[in-house]
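Take a look at these structures.
Look at the two complexes coming up: subunit A is in both, with subunit B in one and subunit C in the other.
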Partner chain A sequence: MTAPTTATRTRGREAAQALAAEMSKLVSLPATWLTLGGTLVVNLILAVAFTVAGLQGSTGTKSAVDIGLASISYAQAGFVILGVLTACSEYIGGQIRTTLTAMPRRALQFTAKHLALAIVVCPAAAITAASGVVLTAGVLGDTAAPVTSGRVVGALSGVTAYLALTALISAAVGALVRRTLAAVVVLLGYFFIVGPLLRDRTPAAKYLPDTAGFAMWFPVADDASAVTPAQGALLLTAWTVALIVFVVIGYRRWDM
Partner chain B sequence: MITIDSLVKRRGSKEILSGIGFQARPGRVTGFLGPNGAGKSSTLRILLGLDRATSGTALINSVPFVQLRDPLATVGAMLDGSGAHRARTGRAHLRWVARSAGLPRARVDEVLDIVGLTSAASRRVGSYSLGMARRLGLAAALLGDPEILILDEPVNGLDPDGIRWIRTFLRQHAASGRTVLLSSHLMGELAETVDDVVVINEGKVVADGTLDEITGSHRTLEDAFFALTTGGAP
Partner chain C sequence: MRALAAEASKLASLPTVWIAMAAGVLVPSVIAAITASSTRSTITRGAATVAGADTGYQELAFGVVGAITLGVVAISSEYSTESAESGGGRQITTSLTAVPARLRFLLAKISAVAIAAAVLAIIASGTTMGVIHVVLGEHAPAMGADDVPRLAGVVCYWVYTALLAFGITVLTRHGVIPLAVLIANTSVVTVTYLLTKITPLANYLPDMAGVRMFIRRLADNTAEISPLTGGLVMTAWVAVLLVIAAVAFTRRDA
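What follows is the complex of A and B.
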């Protein structure tokens, strides 16, 4: 018998083991890699489409960063789906009962799951965003408007953080709804229909998660009342934390 | 030691459990019997911290399950189904469970061997037969080498070989001083395996004693069971 006696494990050790278990779940789910790979490919195709449109002059003279990141507002759907799958895959095959008998402290397990998602999503988001920009820059060559390296780094880190936080919000909504399709419909409905509609109609919409998040990387017109990238990051982080806290309060009490 | 006391569970206006109380002791296999819908699974789910009781207590070694410092090494639980996502391989499923308790990878291979699933370990859980899914659930329960086993309908879906194997396994487990609590609605399979019997019906305990006490003057445990749960001899 190689099972060691771990009856005296500390809180810190328990948390580290919960994170390791949630990481292991995420990377061993084929849907994780299919979603991330699919998102990368779709984003590159969209980036080429936007670049071709840029070369034909229909978007005016813009930098490779602006054109290369335009596709992200569509590619974010992949990160929404990944977040939902992370949460809702627990409810397939009764896995949630294995999870909660192995890790009965639910707030800890829930936090570990979201942290694991962030650890996987951050590099994936950075690669997705950077590959779109690099491809665009390669196609545009000298025809693109010049851009400072500071702007490139700022935009890419903004996009990466935005996609990671969007995935976390999606995972929290997934845990609330528990059903993949329903959660995806709710979230995509918000990000692609309700959000854009509100954005055009109410000034207060700039504080909502999607619009505030866009400010982290999307070029906004110089406007004193506009949300700055830093404010956008703060707002989206606050939305994410608030939603996770709200869901975890219920998650601790629900019958599973 | 499992101690359940005055357990009540209401869902809406429906009372599913009406004051369930019994104990499962070390060194013995305790059979938790009742017809479908009697409240067996609800009781076990509360015991494992999955559902919340309306009132009453369900304790493992005197504490609620959620307060166990190392749940996997204390209690091995197998509920209905595999408890695994169908897209993962059996081995990948056991690996993440093992990680949650800091158990080595070698332990995963050991439990796969114990339940006879080594050759199917690299296959997706979705391709498993019902019996294989149950074996995977049992493998997960055994990972932490727990002192207490809680099994919901363990013989469901097993072939005759599997049933014979699990009987022997549970007898050996109890003989080594561990606690085994298993639920079943199948009386025949259980009679040769259990030491103590708790019979519930419609959310209440209707009998609690040793196998001999419960069988009593009836010819078999099955006869006793029907007498107890239908209010008269069949």
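What follows is the complex of A and C.
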């Protein structure tokens, strides 16, 4: 008679299954698609508004990339909301208990959730940003100032990375706060009010996540002390990783 | 009166309301402290002689984020569904059982929001102006009889914005969208401000008209609207929205 063998899965298989579970949860949430679709539509409407303003000459630039991406500073609200919803939907109605019963390794589950979010957000951000630029270029037509394809690719990849990292930061804050509205107030209050105000008033603000992230794609004045796009990307990534690590440590130690 | 007391008690027990209160007081006063200290160094260097007339008021226009949050959560909390193990109910059904007259319920809620927003605005104005006077010292713009209607304008603007947020949320029954739209529109360069670049009519949108009650000089804006006209335009917007909200609320299913 042989002893019953317990089937164990390898760490790699466990991680793959966790990622598949988190992907399934994220794409089956209607709010995900409503948020992404709404953000795309709002971004296109704002891009039209900026283009009309650009045709009247009040934006100070004729570059289709700069005008087409100007609306992103508002459309980022959609990505903040998506990040918060991803994290906080677990806490509506106690889904978190089921989640942690199925995936007791909290750090793995948390990482899988953020990875799934990044997988969904990256293409969505690229489509949102590119559609705004294409629309603006189409409307401006021949009146647009010429831009090099390198600048277009650089700006679009910068925007995509910025929006994805912003969504990850929002998910981490959402996991920390656990209440959708409170997290949305804190994050939007920072990204739309406190961040821009500090940017105008204190030089040290250029190291904060939103301003450093803006350097990745927003044309800044030529200034020796300004943050370059690469430095901005590095700073924003560092902020994101630091925040996620901080939240993971708390997530493992606290009650759910 | 008891309905009002009940609504006030509900507001005071919402954690998000306290976040709103903290944001409403801290955002304008901390930003005012940073602005005032940089103004102070400009003055001591001799580059400027006096602080601008809008010192403090500019910051109070951003602090309205507290009033927005207050107005939104006051009603969105009624509609949030509880977890399945606590019955999956919504507070609105309990509220309407206790106060079956819908208009009376809505009026009590509107009054509670208006009172809370007014109190928040008074505290925020007091701390913001106090911070500016402490930091700037003798360089601070003198407070005179002229400032009384302007500070009243701040309170008015905050109360109206809270009611605007409240009215929109009554219609959407969910807080995230109104919160996102309204906070995004409180940004340094607001969407409504961009619209004034396209059409001058946008100067009569509620927030653009409302800030005229206390801001004297808007950057790059030539439209002249007196504080009184601005206040009346915003009153009209709020009144229309609240009437629509009341009609919808009394006629539809809870």
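The criterion applied here is as follows: the second predicted complex is superposed on the first by the 249 of 256 C-alpha atoms of A that agree within 3 Å, B and C clash if a C-alpha of one lies under 4 Å from a C-alpha of the other, contacts with A are read in each partner's own complex, and residues count from 1 in each chain.
By our rule, contacts are C-beta pairs under 8 Å (C-beta built on N, C-alpha and C of every residue); 3 or more make two chains touch, one makes a residue touch a chain.
Everything numeric here is computed off the predicted structure, so don't read it as measured data.
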item: Subunit B versus subunit C as contact partner of A:Pro30, first or second or both or neither; value: first
item: Partner chain(s) touched by A:Ala230 [first = subunit B, second = subunit C, both, neither]; value: neither
item: Contacts of A:Val245 with subunit B and subunit C, given as first, second, both or neither; value: neither
item: Touching partner for A:Val153 - first (subunit B), second (subunit C), both, neither; value: neither
item: Subunit B versus subunit C as contact partner of A:Met103, first or second or both or neither; value: first
item: Partner chain(s) touched by A:Pro196 [first = subunit B, second = subunit C, both, neither]; value: second
item: Touched partner set for A:Gly94, first subunit B, second subunit C, both or neither; value: both
item: Doubly contacted residues of subunit A, that is, touched by subunit B and again by subunit C; value: 92-94
item: Interfacial residue positions of subunit B with respect to subunit A in the complex; value: 45, 48-52, 65-66, 68-73, 75, 77, 79-89, 92-93, 95-97, 99-104, 106-107, 110, 125, 140, 143-145
item: Of all residues in subunit A, those that touch subunit C in their complex; value: 46, 49-50, 52-53, 56, 58, 73-74, 77-78, 80-81, 85, 92-94, 179-182, 184-186, 188-189, 192-194, 196-198, 200-202
item: Subunit C to subunit A touching residues, read off their complex; value: 15-16, 19-20, 23, 27, 31, 34-35, 38, 62, 65, 69, 72-73, 76, 81-85, 88, 175-176, 179-180, 183-184, 186-189, 191, 194-195, 197-198
item: Subunit B partner contacts - residues on subunit A that touch it in the complex; value: 1-9, 13-14, 17-18, 20-22, 24-25, 28-31, 89, 92-95, 97-98, 100-105, 253, 255-256
